[in-house]
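Note sheet for the following structure.
Chain lettering (A, B, C and D) follows the sequence in which the chains are written, and residue indices restart at 1 in each chain.
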Amino acid sequence: MDKADPPSAQDWDFPSEEELVDWLGEMIVIRRFEEQADALSLKGMIPGGIHPAIGQEAVAVGVMHALQQSDVVAGSHRSHHHALAKGLSPKRVMAELYGRSSGVAGGRGGSMHLADFDLGLWGSNGIVGGGLGIALGAALGAKQLGLDRIAVGFFGDGGANTGRVWEFVNLAVAWTLPLISICENNLYAVETESAAVTGGVSVAERAAGFGLPSEQVDGQDVLAIFEATSRAVERARAGTGPSFLEVLTYRFKGHNTGEVGRYRSDEEIALWRDSRDPIERLSARLQGAGALSPERLLELETRAHDIVQDATKFAEDSKCSDPSTAADNVSVWNNWKGHAQ
Amino acid sequence: MDKADPPSAQDWDFPSEEELVDWLGEMIVIRRFEEQADALSLKGMIPGGIHPAIGQEAVAVGVMHALQQSDVVAGSHRSHHHALAKGLSPKRVMAELYGRSSGVAGGRGGSMHLADFDLGLWGSNGIVGGGLGIALGAALGAKQLGLDRIAVGFFGDGGANTGRVWEFVNLAVAWTLPLISICENNLYAVETESAAVTGGVSVAERAAGFGLPSEQVDGQDVLAIFEATSRAVERARAGTGPSFLEVLTYRFKGHNTGEVGRYRSDEEIALWRDSRDPIERLSARLQGAGALSPERLLELETRAHDIVQDATKFAEDSKCSDPSTAADNVSVWNNWKGHAQ
Amino acid sequence: MSYTAAFQQGVREEMLLNDSIFIVGTDLYERGGHWAQAKGLGPEFGRNRVKDTPISEAAMVAAGVGAAMSGTRPIIDLNFIDFAYGAMDEIANQAAKIRYMWGRPVPLLIRATSGVALAGPQHNNSMEMLFASIPGLAVVTPATPRDVKGLVKSALRSEDPVIFLMHKKLTGVKGEVGGSNDLVPIGSAHRARQGQDVTIISHSFGTVTAMEAAATLSKSGIEADVIDLRTIYPLDEEAVLASVRRTGRVVILDEAPRFGSLANQVAAIILDKAFWYLDEGIKVITAPQSPVPHSPELVAAIVPSEVDVVAAARALVASR
Amino acid sequence: MSYTAAFQQGVREEMLLNDSIFIVGTDLYERGGHWAQAKGLGPEFGRNRVKDTPISEAAMVAAGVGAAMSGTRPIIDLNFIDFAYGAMDEIANQAAKIRYMWGRPVPLLIRATSGVALAGPQHNNSMEMLFASIPGLAVVTPATPRDVKGLVKSALRSEDPVIFLMHKKLTGVKGEVGGSNDLVPIGSAHRARQGQDVTIISHSFGTVTAMEAAATLSKSGIEADVIDLRTIYPLDEEAVLASVRRTGRVVILDEAPRFGSLANQVAAIILDKAFWYLDEGIKVITAPQSPVPHSPELVAAIVPSEVDVVAAARALVASR
């Protein structure tokens, strides 16, 4: 496997401990948001349900801190963490889950179709592997326009078995595009253990066969993610082309809200929850280093709580879009001549 | 790359020199058939044209001799060599190219849709990568039915950039299917140099990332092909699953009849034609070993000539299928009630 | 028995009768599929006949095609029909054409959940006409547990590929089912209600709406003939035309976007074969030319309702 | 200028005007594509704007979608439209829905060669209705060099995805083309011939057949109004209906299999909006529900011909 060498002159800085406290705060916001959304979804408040990313917060926060706001991110069906880490407003994300007009997609998209082009989120995506395709195109667009922008596409271990993912990776290699493909390997695709249906030693090694720097990263360690992404970003901005990251992580909850499969052992779940919680880990580390007092942690928690409560209230107070607009803006042609209906 | 270990107790024999003379004869028949088909196509006798496999004969002959007749082969758009080596009648293949009722598909298929289920040719295929999919299914079918049968799917270096090929390879690995995927790497996909658009060191190495034995083989050496395939066959029959072969070969003519691109240098073409012609090679080797007299070679040539002449005459003398049947046998439903049209 | 359980039961009975049937999909063995449509089959029949796959729609269908050509009877479960977009070549260029090219039957059943409901734009494509328009494929869209069971049994005894579409909104609907020898033929519509005033044609969940509308109409003395198509291709033209000849007035209800819809296709067939029986133009009720939004209120705004059907039928009858 | 060269000229002119246009496909740079449709653009505009790809239809379209969202104007050349089956999710679930979901325009042009001709079952799928039925896409099928050039220019100035289908049998057809500011609007049909006795509606190569039929009919005093649709979606209903109102008799010619065809779709629109203008039923002429065979004699047996059109028109006029 083509291990990514540390670049000679690195143009990114390690976060200070104070910054890491902020990152912790972001991870806590995501965690509380997801817990709330999961609970609301169980209560039937969120049409269609959600795929919570609880346990995978470090991936999103670590990656986004290695990016500029102008960089493009495209996600998967499990992308609330990507959206919030990319800076989308929890209020407007929650409103979108509710299907309200104040949602990031006016209630048209829902959980799997969150987007904000000002903030560089080019959509979560309902089709496994679909987000990576959009990111591929964004990387091409950036290159064609001569922009310094790079693009990141997320998908899961399940996505690594779709053909489209490998077409996308190959084209990025062939065209030396500034694309970072990130496989969030949480071991399962719905209830299927990916190891049982995925040939090869690892997804990262599979990717290496396509001729790009590829590495496995501990997905529960926000700094490891940040570093690996930063290296990939540096290569992409330097014009040397795409990179691949396989991030080893775990979702603490079921595939979607309410899923109660018994495909994972209690021990396995406990192992990850108890000893590989990305929030606990960072918190312990900062506390150990004297950078995080119990009061500060409480502050972060309180803030997260308030943000999530506000978001929920915002969503609940928002209205649905005017139903008479439900079929508007399909294309410039949808009101063409006889096509008023 | 997972190199295929030589099996401990090999259950296949090297061909005798006398057998190799037969193989040479088969290669010569293919060559002459293709030359004739190419010429006829240039004259406009073959609707839709053809993709001649001149230069790639050893691949087909070497592979087929490692198989049983009951084993399944599915090909690509360039598959006359596969069809003839699998035992299809040159007459009925030529008649199919002409679109005649005596053709192997009654004139419905043409060059890209040759098939004979008694002989185990489950079709050449007009869609890049499509034949490998059929072979995947045949391998699954064999396994489900408990048959000793294995399946081989051919595709090109261009096919190695389609997503479907890697989905197929992965599923064969996941299910331990008796599938041999063979990439005939002739360096070009139409006029595109595959190296320029294909990431990674080699197709074989890319395949290895999917977790199956994978090797590169000299495609101009019929024995090397035979041996590599025999090893793969042995693994498949032993139930240990799929293998991948990347076969390095070259097409001496254009992509399709009449193509006159200048994307390949004269030197390159000359190098392959002059020093890597699979027929010349085998012929020289057999002559060197005293196993092939000039008379015998002439006999082979004469026989090939006659076969091809007979095939052409057969095709020309054959009729088109009754036009009133052109839309028959689409499905059991196509004459359903109101659907007589 | 529920619509979903009827599928399971039909498949199970056929699997008991025919060893060569097996089912392939994601999360099937333990979970029984996303909709519980194969619940229990895993433990009963084992991993050889209930096969979990990676997320590889093209490979799933390709494997099914070749296995069907081998003489087995694979059921490929695509979960949501929308994911078939990732296997279109395998469906349209391989499965559908192999009999035509080579005379080789491809007894392949592709099951998926379809229909307009929640889950947003990418999971609510109306794809029945896409498949029905491809020569070589049959497409069925049962509306009741009885038809699910009867049709899946027919499909598993048929020689050619069948696309088996089960509507999201019918998943939990309960009803009686037939016995193990009760087949519903592919290509046969069901006259779900008898009436002489107006014909209402629909299929799948639309039949539920049509029956509700018929009940409402009946209260004001309008008796509707309700035709549940059940099969999209081969369409039961005789059943449609017989009803049109009876009533002379036609409402067609379809939740798909109008352009390219089954509704328009059926209208064209009626125009072609029963033009002189029409007392009036046909009322075609469909969704607008739009993706399906996430918000339930917006979805409700585009999906045709009972009210639309009642109004259309009344208008037709009024202009007698 | 040939039909193919008209495409090249339209693209070239727009590329000169707009730096953000680039073209992507297999074998484009040197060869100019399988049909010479981009001949010369490579050397003129360089590898940055004429990009050769691997055989990766899904990746090509995905790259186009994201690049279009970035504000560039990609042309994705799929060679044969049949290969779009390998990129269906990217077309139907991504390109077509992004404006609807997120308000982001996707100014993407997908070009491919289509139509029924030689090359056998897998290379002759009639896919125009598949695309036209997907909300969010436009589909154009020009019949003449003038329309190719005028429509490609419109498409390259449009904001939403356009599927641009060029018929195999028209590849070398010659004709005049417009100047660099002559656009043919997407969604506008062309009245290719004026007559008052019968309307013949077709598109793409069908227009050639329709015009031949009209010439033959004229000899026996029947004057046909020929409507070349040019755009499948958004269909120019006004042009169609205006002609129907003029003649009251309609022949629709389509080389696609009948079930799900554009011909039936147009018939349904006429039924819906001009029922009372119809003196007679509509004659819908299509191919049978079959794949396209290899043998030219068999192809000829399934493709509708001038003779069929003439006979249909005569029958309509006779029953006046």
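Points worth noting:
Here is the rule we use: a residue touches a chain if its C-beta (ideal position, glycine included) is under 8 Å from a C-beta of that chain, and two chains touch if they have at least 3 such contacts.
Note that the coordinates shown come from a computational prediction; the quantities given were computed from them, not determined experimentally.
Counted as hops between touching chains, the shortest connection from chain C to chain D is 1. Farthest from chain A in terms of Cα centroid separation is B.
Averaged C-alpha coordinates give centres for chain A and chain D that are 40 Å from one another.
Inter-chain centre distance (chain A to chain B, centres taken as mean C-alpha positions): 44 Å. Separating the centre of chain A from that of chain C, both taken as means of CA atoms, is a distance of 36 Å. Listed for chain D are residues 53-54, 56, 58-59, 82, 85-86, 89, 93, 100-101, 121-122, 135-136, 233, 235, 259, 269, 289-291, 293, each touching two or more other chains. Under the contact definition stated at the top, the residues of chain B that touch 2 or more other chains are 105, 108-109, 113, 125-127, 130, 161-164, 167, 170, 174, 196-198, 330, 334, 339.
Taken as a graph of touching chains, this assembly is fully connected, with contact between every pair of chains.
The residues of chain C lying in touch with chain B in their complex are 20, 22, 48, 51, 53-54, 56, 58-72, 74, 89-90, 93-94, 98-104, 135-138, 158-161, 186-187, 233-238, 241, 269, 273.
Listed in rising order, the residues of chain A touching chain D in the complex are 74, 105, 108-109, 113, 115, 117, 122-123, 125-127, 130, 132-142, 144-145, 151, 163-164, 167-168, 170-171, 174-175, 329-334, 336-339. By the touch criterion given at the top, residues 161-167, 169-170, 173-174, 196-201, 205-212 of chain A touch chain B in their complex. Taken together, the chain A residues at the contact with chain C in this complex read 47-48, 96, 99-100, 105, 107-113, 125-128, 130, 158-159, 161-164, 189-192, 194, 196-198, 261-263, 320-321, 323-324, 326-327, 330, 334, 339, 341.
By the touch rule above, chain D contacts chain B in their complex via residues 26-27, 30-31, 34, 52-59, 82-83, 85-86, 118-123, 258-259, 287-291, 293-302.
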